[in-house]
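Below is the structure I would like to discuss, written out as structure tokens.
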Amino acid sequence: MSQKLITAKRKTVSSIPRPRWQRVVRRFARRPMAVTGLILVVGFVLFALLGPILLSDPNQQDFAAILQTPSLAHLLGTDDLGRDVFARIANGARVSLMAGVMSTALALIIGITIGLITGFYRGWVDVIVMRIVDVMLAFPFLIFAVGLAAILGASLTNVIIALAVSQVPEVIRIARGEAMAIREQEFVSGAVADGARDGTIMFRYIAPNAMGAFIVQATVAIPAAIIGEATLSFLGLGVQPPMSSWGIMLTSAQQYLAQAPYLALFPGIAIALTALGFNLLGDGLRDVLDPKETR
Amino acid sequence: MLRRTLNIGCIAAASLMLVSCASTPSASPSADEVVAGGIAVVALSDEPDTLDPTVANTFVARVVFTAFCEKLYDSNDSLELVPQLAASLPVTSADGLTVDIALREGILFNDGTPFNADAVKITLDRNLTLDTSSRKKELAALQSVEVVDENNIRLTLSRPFSPLGAQLADRAGAIMSPTALETLGLDFGTDPVCVGPFDFTDRVPGSEINFTKSDYYYDKDLVKLDGVTYKFITDPNIRAANLRSSDINVAERLNASDVDQLDADGVDVLDVSAIGYQGLTINTDPTMSSSPLASSVELRKAFELSIDRDALNTVVFAGQTTPDCVPLPKQMAFRPDDIQCTDFDSDAARALVEASGETLPIPVELLIPARPTDQKTAEVIQQMANDVGFDVTIKPVEFVSALDLGRAGDFDMFLIGWSGRMDPDGDMNDLLTTGGTNNYSQMADSEVDFLISEAASVTETDARQDLYGQALDRIDEIKPLIYLYHDTWFLGLADITGVEYSADAIPRFKTAELTK
Amino acid sequence: MSVLEVEHLRVEFGTENGPVIAVKDVSFTLEKGEILSLVGESGCGKSTVAMSIPRLLGDSHVTLGGSVHLNGVDLSAYSEKRMQEVRGKEISVVFQEPMTSLNPAYTVGNQISEVLLQHEGLSRRAALARAVELLELVGIPDAQRRTAAFPHELSGGMRQRVMIAIAVACNPLVLIADEPTTALDVTIQAGVLDIFRRLRDNLGTSIVLITHDLGVVADIADRVAIMYAGRIVEMASTAEIFAAPTHPYTRGLLGALPSRAIMQANGRRRLTDIPGLVPSPSTDPDQCQFAPRCASASIECTAARPTAEPVAVGHTVSCYHPAVGAML
Amino acid sequence: MLQRVITSIVTLFLASIVVFVGVRLLPGDPALVLAGETADPAVVAAIREQFGLNQPIWIQYFNYVGQALQGNFGVSTRDRIPVAEILLQRLPITLELAGLAILVGVLIGLTAGIVSAVKRGSFADYAANAFGLIGLSVPHFWLGMLAILFFAINLQVLPASGYVAFTEDPGENLRRMILPALVLGTGLSAVLMRQTRAALLGQLSADYVRTARSKGVSRSREVKHALRNSLTTVVTVLGLQLGALIGGAIITEQIFVIPGFGKLIIDAVSARNYPVLQGAVLVAVTGYVLVNLAVDIAYAYLNPRMRLAGGAR
């Protein structure tokens, strides 16, 4: 608010405006919550990458050590087949992060391309695309994802596709909105007047300026996709054993809720912490980047 | 190889099981006070399909039928035939082509209309002719039904078929009220009327089916309850929890892992070794399956040797199933007495695998229905088989699709069970015979075909038992199927006594009473 | 006694990038029926002065210093609760943005009555009737019907008139108008200024008019205070400022005053044609802040801050090198 | 607004095609499911014919839509009970769950959002923010499991699951709905809290709030000004969250074994009960579209600018 009084309404419009990244980083670093989020995310990424190297085989069964409570030998205990829960959570981190990040990336690539084109050209392309988007949005996310996963069959790839497709309409809407707004700005009309090609305008002028909105959308979408993956896996529509996923671990933990509650605890905490990390990161980035704040 | 030598351990284990299996009419250990009337709430593990005996297919529907829809025959603890609506056991002619059945007299359907030979004929004809009848195949040998008089019918068969009695002890023998059939036709299942201790009241889809005590039932003096409500609760943990809180009186198919805790909480738990089996069906047609298992008996044997059935039982089922290597349940009278299974021997298995000359590890794609227990079983088998040189990949597919794939022969190995029948014919014919609809393994062996069809036409029990023994030996040589175990089912009882839970694992509430 | 006395006003914002001293040291008085104009570039702190008088900057990140006396009573000692009784009744404000300063969800009549209900203890019906009168007063035709209108149904000029109606509803002693005409078309500007003039003439309202538009100043103000970097650098009667600007910055401003023709062609033109940059508001060194941009700056200008010295009757200036005489 | 209604109808029409085709793309033959373990090919063929599954898909579609418009959604393949009857039976259950969850969500979310925005930087704000973030990051089904673990298994104060009809025993019905509604409502309240806070903060720094302040009104009236304009956001979010709520209900009903719509859909998927699945998903989608239409109308009411403009966004 105070910022506003001092610097408000002093926008230079002569060149393509871009956020100054150093400043962005500095502002980001001053937010302890955002930094916590970054640490959590980086932590889980490292955990996912290093876990398989450092920890025991997540699929190694040990019938002599079934349903053991956490101990030094098994930090988070063992599951119903005597497998090390810690190693399985590390393995699950990989699945979760892959599903979260890849589905969101896929959704962004498809959604931004379509959104920019429809927002830029408008006309009948826009009408048709928006009808399709409306229809897709008419389906509650989980029903859509469950249906798609059931049609495609259960596998990690299909979960990623199902989650990505479910996210696309939202991305299209955002990209379209940004394209329509930025298109009207002076530096774009200038470029149009200079005879720049449509593709150049869309991807050199409009896209970079909408980047803030896209990054914010990504940080909202990734944790949602991570939870989505866990949910689909929990329903048996996600990755399949022996591959482990946090959702699957929770499915089998449900059977042992009374006997071995820790089986339900740790994978859930892992999901929550990862999602929390991305949400914190997202909140931080939104504060730093969100164009809405300066509007 | 199935050796016919006596093994003390195995038999001892089996007889121990039998002791617990055969615990028929439920003991009521606590001296609880009996309450007059009341409605027993029973939790089923799944929602039954339509309550029309001609088309019904689910196991849970069979459970519900016992409340309101009696059959010509029923089975006892050894899965032997006993009369229910029939007055006596069927009388088969010397050539085996005519079967006479005497009916009980003076019995009324739950709508008050009389039960008689005409009604039986109408039901059986419907079973034979309705397009969507699932009973057609079961009654394939039945050519025609003839009303001899008010209380006698004569069945004419196209070939001698001794399992007929067993079929009439199942849904095919459940007699429907002709009046109700007339009114409802195809929709009989929406308001079914038969002979039974209870009468259908209503059904709340997805939730429950309600029955009230019948006024017309012949044994109505024995019926103490005012009614029975069957609720559908798919999650076994929740069935157990509701039992503990006395929200329900009976819960079917509880988790083995919950049993001890339930006992401690004062819930009575009865168990029965279910008549069905679980097994690994191997595709034996090399044109359909690319796995070396398809063409090599030795490798199939190696696979069996790699599996520690007892460990599987301990780890996945808390020691509560009955490991076995034949399809016939232990309580079945026709089961050969001297079955010896191939024991777990990983060294022998590894030796066989290495001797096969195939490139190791040997790939096997294991098709499984995507259900938690199946997945866990598959994971354990995967580890065991991989230990000796196989490379098992698990392919979980949603149940119905898995059946599709199984039928199409699109698999290397398929983890699939069979719910079991009262008569051994139902556990082997069509499942192991050439061209059978459920012969997923694609096995085609004329000796097996002959033995199974011969056993069905012979009436004498010892002779049948012997023929099935020979068939099982031959099947063991070919190994189209690695039988794993028979499930043990647990029935939890809270504040109820007098529940019958016998060898067919179907709880009956005719004589049940609520307690305080 | 002056109606309003502002002494050594200092306003500091805590921001992420450290403190910003928007107003460093501002003192002035306002007499009954006087129109004082605060003039300066964007960011010089003039709006902050306007907002801090009725303590509208209310935010935990703001530190206020100095004192504000209203009719001799020290407002800085007032609790927030007592300030609420002052706002809208004794001191009221007209804001710069007529498009956003009205609540889009309430009718115009509703928003005018609110202030009457708050301070005058009128019934809802009486307040609404008074709202119609006020709308007529600010020159809105068909006032009765307009009370039921929502802000988005009115033009910018109309909305600004509504804002003024709200501000004058309780006959305030002091009206603070923060760039009231900036967002309006030139033709409408004149009408709005006319309302101010009538208020002063008819009700004796004292007005602080914040603007960067010297044309407006010349048109309506009695006295002018020129602000630069959080301080008043020169203060004099309107006639004196235009006739004999003394501070080099004032002279620069006047020199940069665009001709009418330019104003009409490009209404957004700002008074930034003096070479150099506005100094950073985060520091307050003991020197003349204008020195880096000043043609006549000498060594002493950067050695110590000049104090306000009278150069004529009612004309003070903070400069070591005050210019004398009219501009060429 | 009329245009908005027409758009909704077109959307529903297209959605019905998607549902119809989608349902038929599910692997697994419904006739085979019905035919059961022994599945006689002749029986399978007969079932197919009986349910019209052997006809070309567009004919099936037009027959279906024609009937559906008259309120006839066919009969369940599993038990031959009319789908409309099943839907009517299940819908109130899910509506109750959703209603309670919305109540929980709005009570907690709106209150926390308002307090946190008004008392920005206070302990309450941090607490509300932490709640919002955690609520957003925790999956429903895990929360459900924890709730069962804690309240049903450890404390044994509330039943783990099961459903009792309200008409049967209102007290027991509510007792059994507490946990599911809390679980489902928590996620909603987290989103609502964050959105309310953001919207209210945005509005609190709006110029018109400063205007209100300059009038000398109290802090609570200032907040009221801002709140009135934040409600549009809140209502929109609530409408959009309905989708998440339906999804959440699926999982919640699964975990707490509530025979509502979500469970109906999941069960119908695994039983390949085409008529039930179609009917249920169509009703869910229709509900979603209608609620969002209602939201747009409410939006117009809350935001006078929209009344004349005659369309949203």
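Order of writing sets the labels: A, B, C and D. Residues in every chain begin at 1.
Following the convention adopted for this analysis, a residue touches a chain if its C-beta (ideal position, glycine included) is under 8 Å from a C-beta of that chain, and two chains touch if they have at least 3 such contacts.
As the structure is a computational prediction, the values presented were derived from the model and not from experiment.
Chains that touch both chain B and chain D are the following: A. Of the two chain pairs examined here, A-D and C-D, it is A-D that is joined by more C-beta pairs in contact. Across the assembly, the mean Cα position most removed from that of chain D is the one of C. Located most centrally within the structure is D, per distance between chain CA means and the overall CA mean. Between chain A and chain D the centroid-to-centroid distance comes to 22 Å (mean Cα coordinates, whole Å). Centroids built from CA atoms put chain D at 52 Å from chain C. Annotation: 48 Å between the Cα-based centres of chain A and chain C. Residue positions 27, 153 of chain D each touch two or more of the other chains. Among the residues of chain A, those in touch with two or more other chains are 1, 150, 153, 254, 257-258.
Residue positions 235, 237, 397-398, 401 of chain B are each in touch with at least two other chains. Across the complex, chain B is touched by residues 27-29, 32-43, 46-47, 49-50, 76, 78-81, 85-86, 89-90, 152-153, 159-163, 257, 259, 263-264, 267, 270-272 of chain D.
Those residues of chain B whose C-beta lies close enough to touch chain A in the complex are 235-237, 255, 257, 261, 311, 314-315, 370-372, 375-376, 378-380, 382-383, 394-398, 401. Within the complex, the chain D residues that touch chain C are 121, 206-218, 221, 225, 228-229, 302-305, 308. The part of chain D that touches chain A in the complex is made up of residues 7, 10-12, 14-15, 18, 22, 25-27, 133-134, 136-142, 145-146, 148-149, 153, 205, 242-248, 250-251, 254, 265-266, 269, 281, 284-285, 288-289.
Of all residues in chain A, only 1, 131-132, 134-135, 137-143, 146-147, 150-151, 153, 223, 227, 230-231, 234-235, 250, 253-254, 257-258, 261, 264, 268, 271-276, 279-280, 283 touch chain D in the complex they form.
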